Amino acid sequence: MKLTVVGGGSTYTPELVDGFARLRDTLPLEELVLVDPAADRLELVGGLARRIFAKQGHPGRVVTTSDLDAGIDGADAVLLQLRVGGQAARQQDETWPLECGCVGQETTGAGGLAKALRTVPVVLDIAERVRRANPRAWIVDFTNPVGIVTRALLREGHRAVGLCNVAIGLQRKFAGLLGTAPTDLHLGHVGLNHLTWETGVRLGGPDGDDVLPGLLAEHGEAIAADLRLPHALLDRLGVVPSYYLRYYYAHDEVVRELATKPSRAAEVASMEAELLTMYADPALDEKPALLARRGGAYYSEAAVDLAAALLGGGGSPYQVVNTLNRGTLPFLPDDAVIEVQAAVGPAGPVPLPVPALDPLFSGLVANVTAYEELALDAALRGGRDRVFRALLAHPLIAQYAYAETLTDRLIAHNREHLAWA
Amino acid sequence: MKLTVVGGGSTYTPELVDGFARLRDTLPLEELVLVDPAADRLELVGGLARRIFAKQGHPGRVVTTSDLDAGIDGADAVLLQLRVGGQAARQQDETWPLECGCVGQETTGAGGLAKALRTVPVVLDIAERVRRANPRAWIVDFTNPVGIVTRALLREGHRAVGLCNVAIGLQRKFAGLLGTAPTDLHLGHVGLNHLTWETGVRLGGPDGDDVLPGLLAEHGEAIAADLRLPHALLDRLGVVPSYYLRYYYAHDEVVRELATKPSRAAEVASMEAELLTMYADPALDEKPALLARRGGAYYSEAAVDLAAALLGGGGSPYQVVNTLNRGTLPFLPDDAVIEVQAAVGPAGPVPLPVPALDPLFSGLVANVTAYEELALDAALRGGRDRVFRALLAHPLIAQYAYAETLTDRLIAHNREHLAWA
Amino acid sequence: MKLTVVGGGSTYTPELVDGFARLRDTLPLEELVLVDPAADRLELVGGLARRIFAKQGHPGRVVTTSDLDAGIDGADAVLLQLRVGGQAARQQDETWPLECGCVGQETTGAGGLAKALRTVPVVLDIAERVRRANPRAWIVDFTNPVGIVTRALLREGHRAVGLCNVAIGLQRKFAGLLGTAPTDLHLGHVGLNHLTWETGVRLGGPDGDDVLPGLLAEHGEAIAADLRLPHALLDRLGVVPSYYLRYYYAHDEVVRELATKPSRAAEVASMEAELLTMYADPALDEKPALLARRGGAYYSEAAVDLAAALLGGGGSPYQVVNTLNRGTLPFLPDDAVIEVQAAVGPAGPVPLPVPALDPLFSGLVANVTAYEELALDAALRGGRDRVFRALLAHPLIAQYAYAETLTDRLIAHNREHLAWA
Amino acid sequence: MKLTVVGGGSTYTPELVDGFARLRDTLPLEELVLVDPAADRLELVGGLARRIFAKQGHPGRVVTTSDLDAGIDGADAVLLQLRVGGQAARQQDETWPLECGCVGQETTGAGGLAKALRTVPVVLDIAERVRRANPRAWIVDFTNPVGIVTRALLREGHRAVGLCNVAIGLQRKFAGLLGTAPTDLHLGHVGLNHLTWETGVRLGGPDGDDVLPGLLAEHGEAIAADLRLPHALLDRLGVVPSYYLRYYYAHDEVVRELATKPSRAAEVASMEAELLTMYADPALDEKPALLARRGGAYYSEAAVDLAAALLGGGGSPYQVVNTLNRGTLPFLPDDAVIEVQAAVGPAGPVPLPVPALDPLFSGLVANVTAYEELALDAALRGGRDRVFRALLAHPLIAQYAYAETLTDRLIAHNREHLAWA
């Protein structure tokens, strides 16, 4: 079993490698390939990866390469975790939208559209090469915006699944609060990537008892604090929104915060420098504690679980993934990509049935899905008009004057990454 | 043929009566009943109505009464044009939302929700009496918010159709610009009440040639000016939004305007006083010119056309109405109320097929439909929580803090009209 | 207003002409063109047509021609009532299926498939010429099998409606039994052409009171006798099936009858000879009584009503037609052609909503629709395999051995009409 | 883990027990309970079961009881394999329909309806007791007619899955012909229980290469012979029908055969007597070879696989089961029960997406589904009329005269099992 990580030079990678090492019974990798154009970083990350495997006694080989085609050759699964334009582009995404009073964020709003426009063509090119190399290989996309990127991949007929760590993070969080094993909790997770709600927390499986009401009653304060949303809101909603919903429910407050704080990109960039210095230390043979603050918690658990299920080697029977809607949320097109619990196996994910969604959530989901359709159209076909249409359709922008201004800024800031601009 | 107007004491009524007089061949009324609790106004309006009928040689009787049950007895059709709380309540609806930076308007946003909460119970009570008096009578609702009120009526199984004059107004406008007869133009009108777009303007009928592109090319400037939207926006959309879309596409600009201008309610109130003085003049036997500025242009044409079709006496084969979705817009629930072209006959409206709606519009339509469902729930069942949910679901509010504040204000300003508050 | 009848030399035509004359206020024809390749018959029929117009004082011109393109030039509506292969082919359709113990009939079963295969290519060629001559002209198809032929026309994007006289015949029949005017009765007519049931008989319109239970209680015996079905069956079904359902509900009995009686084709052929002799008499200036036995009763009423509604000149608001399903019967594909009540106007038919269909009927409707899809495929693309598939799919054939034998016979008997055979 | 078999005294049971013993790693049973009212048989079967477990070293207990409530108490899964009325009733089902020229069979046609009417109330009563004893227990129904019985269970909200061995039998058959392991073959199995087609045979999983065309080309003759259908038919269909389709595709031939052969019930009854004699031999400690001829081949493999997946202990990721349609076959109601591949896990089966079904099959599937709805209605609510309606709706009966006669005979032969008769 061979697995390739595109963007393997990311400082995230040791988290992933640690998971592969710990969970080698679930996913018995023979070869792990890290692909990255940045040879220097790759060297540092690859070295640490080998030391982690060695320390934990994992028998698999770790290979590093800057040659994409060589890296994907013969791979059974390819994990995408790249970042077109790097933290510099992210820094932009987080900044210019604020000038219009709109949230600046790498996946939500105008910044997210910029990232989609930069990313989709690159990912489709990689996917095409993967298909040529091995039409049976699975592509797991962890690259944001996961919803739009996965929709692009599936529209082109790729064997692809989108993955995010929001659900697994909440599962662990809730398990901690309840004092149970995480695998005992089944989340009623529903929506779009970064636009989800936990509508239930069930013990033992999808039709176990729902302990969410009790969880909210007892630990609502703590959960709300973690999401930085008012406790009263959680009570009113009766469900737990993802923390990305804060960009909606508290939009103006977030904009004010962002406008006065250093950007997350800047934070991450400084953290990355520090991490790379650590990785360079030949004595380091485990993921450093600092990495936990880098984000992506439990990403490795989720990735191992998903890869194992797709490659037929086990994994949890139900996993939260991004996949085709196909009637699961009946108010969305069949070819929309949703984020829900699915039975995952060698044929890919099959969504579990979802109870009728509260209009309080379904209206927003429908609106953002329409935006995503237009965003994908802009990413695939380019052009100022398509960018404007996507921005006007986004519920956090929605007004003519902002859409016009943001269109111009998006193009100005991303010209080097947009073939058509 | 007997037709009853509930809210017949409105200063609008002479517009309607003038239409009944002019179009008596299409709708041969034998008796027109004006019902209103405000006996004084009713006296003035009823007197002018009789003089208009007399001058134009209409043979029908005009009856006035403050007794609802007497007024609807034996009616074939009942027109609802009431206003719970009068212009005073409207004044409120237009004011308090502005304090949160949200639009204040009698149908859109928080003000529209307030009006829905006041109106739905009253209308359902009237409808129930109509049904008891004559289960075959048609109810035509012109009372705002027409979408929510019509949904309430249809959910309760009433024979009801919602009517608005936006479409007929645009048809007349376009006909003027093109130099054609209005009846030669068929609008591709689609959306929800006060959330519609003209996606085509066809000559001769629903599948005639589409002259909208030419119309926009030649008269886009004038149309945009009329809607007070930028010409460039119309060009980008490629369709003509209703002027209520300005509350969305230029929300913040509108809020600033409204905050610095006298309210529309105040304007209307002063106009009404002037109109009633005129109506009191026994020499007046036609609708005064001032009435045109009161709003509701062509309302009488639309109402006559609709009543004629429903009562089997003719009327245009296709009319823009508010009616059950039933799959017409496949992304909405079957029991949503949409505003589209329909074949209207004695069995009520049957929507014409609608081509796939651009995601640029469908996302917003879905979002507002979800709001309307929650608004109706709040109107029917009451309670602070339901009001909050509806406000949070509205795309022009959407944020927690605003929804909380607006909920409190809505209840404070409307307590006397809300049985549960 | 110009209307062209293709197959105008049919002995049916005087029935149609008589209707045009009587109902000239509804459909003010200026020119009626009869097109037929059989110049002799056309001469006889055309002469009588002119005398009928003259006697009844109809001001329109009657033109005859054997040149199709000349005949359709400038027509607003084109009525198709042709018969490829004439009564001789019908005679075959009614005979060879009996040898396998299957019903022999010109629209139902294997004979109907043969007729479809002969007819569809000819009709599509005519429709293409009509579209070239006048893209706005309406095509009314009365040519059997109306369901399959109309589906072929609509799939190719023609402005077409299928028409049958079964519903209008039952409406007249029921009106006679009830002592009411036919136009007071609205039939709840549902299914596919020649596979329909009257599920209600409503007074005054689509939501009037249903008098079907009383009608069956009082006149069930007479209605059953007319349909040649057991009275007890009508009681059990609780609805009135079309008499074509007898080919299903009493299939084996019908086969035995047909095997021992002269064919309907032979009867009609002899009647036609007699009719043509009558038509040749220059003193004859009205449709002869014998014509009533020829079939097609009330066909002219239905055709005038339909043409008037399509051409914007009036007609009944609701008419039974063959048109696209588009979700009306949710268990059928959107592009299936169904026979139901529709609001008919210049944009064509819009089906009225149909209550959920009893599984006792919906299963058969779904099965025959699947057959029709395969039949159309065979008609459009030819080939022994496609004919076999259609026959195997037909619920009256369904068995391998019969489908094989009937495929061979169908091809052998129709070789001259099948381009691919 | 405790599993209860209701109808555990069946002569089938040793097949099942042998499977539990062989596959104990997949399904680690601690207790196997055999429940049967027939204490004598149960004694014989239970004895052999214990000897099989002992010989194969299975550590689990085998318990026998005639007390249903005791037997299901604490069970994690309950397998239903009962036969109301025994082989004597089956003998009837196979006989009286033949007198009308209709197939006599225990699941298809009038005989199948009789079995449904006898079985549904009994199964629902058992299911209700299971739910009271353990609301989380899974019910696996192997009792025919599996489609209708499973639909009854699911309609009542039971945690139930229907199981049949047709698919696993074909999988083994094809694997033998291709020389591969059965688990390497994924069947594109679609339809209703006993009305299915294999539309593909894929290597390695649901989206592996389809080897069906090659399989048919090379082994079509053998497959056809096995199904007793003409080789040419398989070629024409391009898929492999279940052998129950022979009752449709060769109905009249089958009727002639059945009319002249001893019934299957008689064969089975004699085989059962012989088997019970063998079981009584205390030296016998494995399933006898004769049992293979009893039917139900591979039933134990299928049952173990299914129970393991439902109880979270493993099993194949995809299994052919009877479960709710929920849009999988879009032309059927959501609450129809279909037989397809599903991802099975602790939340029950989630059907894999099914490609659009050929109309050649979908028409028949829709028709039989409509019959099943009426059959279930008759089973639940009783009455001669409902029986008649179900029989008239069945495509193998369909004619009035047969439906009347068969209704009378069904009731006469089953009176003691029908509470309402």
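General remarks:
First chain written, first letter: the chains are A, B, C and D, and each begins at residue 1.
Keep in mind that, in the parts below, a residue touches a chain if its C-beta (ideal position, glycine included) is under 8 Å from a C-beta of that chain, and two chains touch if they have at least 3 such contacts.
Not measured: the values here are computed from a predicted model.
Looking at B-C and A-B, the interface holding more C-beta pairs in contact is that of A-B.
The distance from the centre of chain A to the centre of chain C, each centre being the mean of the chain's C-alpha atoms, comes to 59 Å. Between chain A and chain B, the centres computed from C-alpha atoms are 45 Å apart.
Taken as a contact graph, the chains are arranged in a single closed ring, with each chain touching exactly two others.
By the touch criterion given at the top, residues 229-230, 232-233, 236, 248-253, 331-333, 359-360, 362-364, 366-371, 373-374, 385, 388-389, 392-393, 395, 398-401, 404 of chain C touch chain D in their complex. The part of chain D that touches chain A in the complex is made up of residues 159, 204-207, 312, 317-318, 326-327, 342-348, 350-353.
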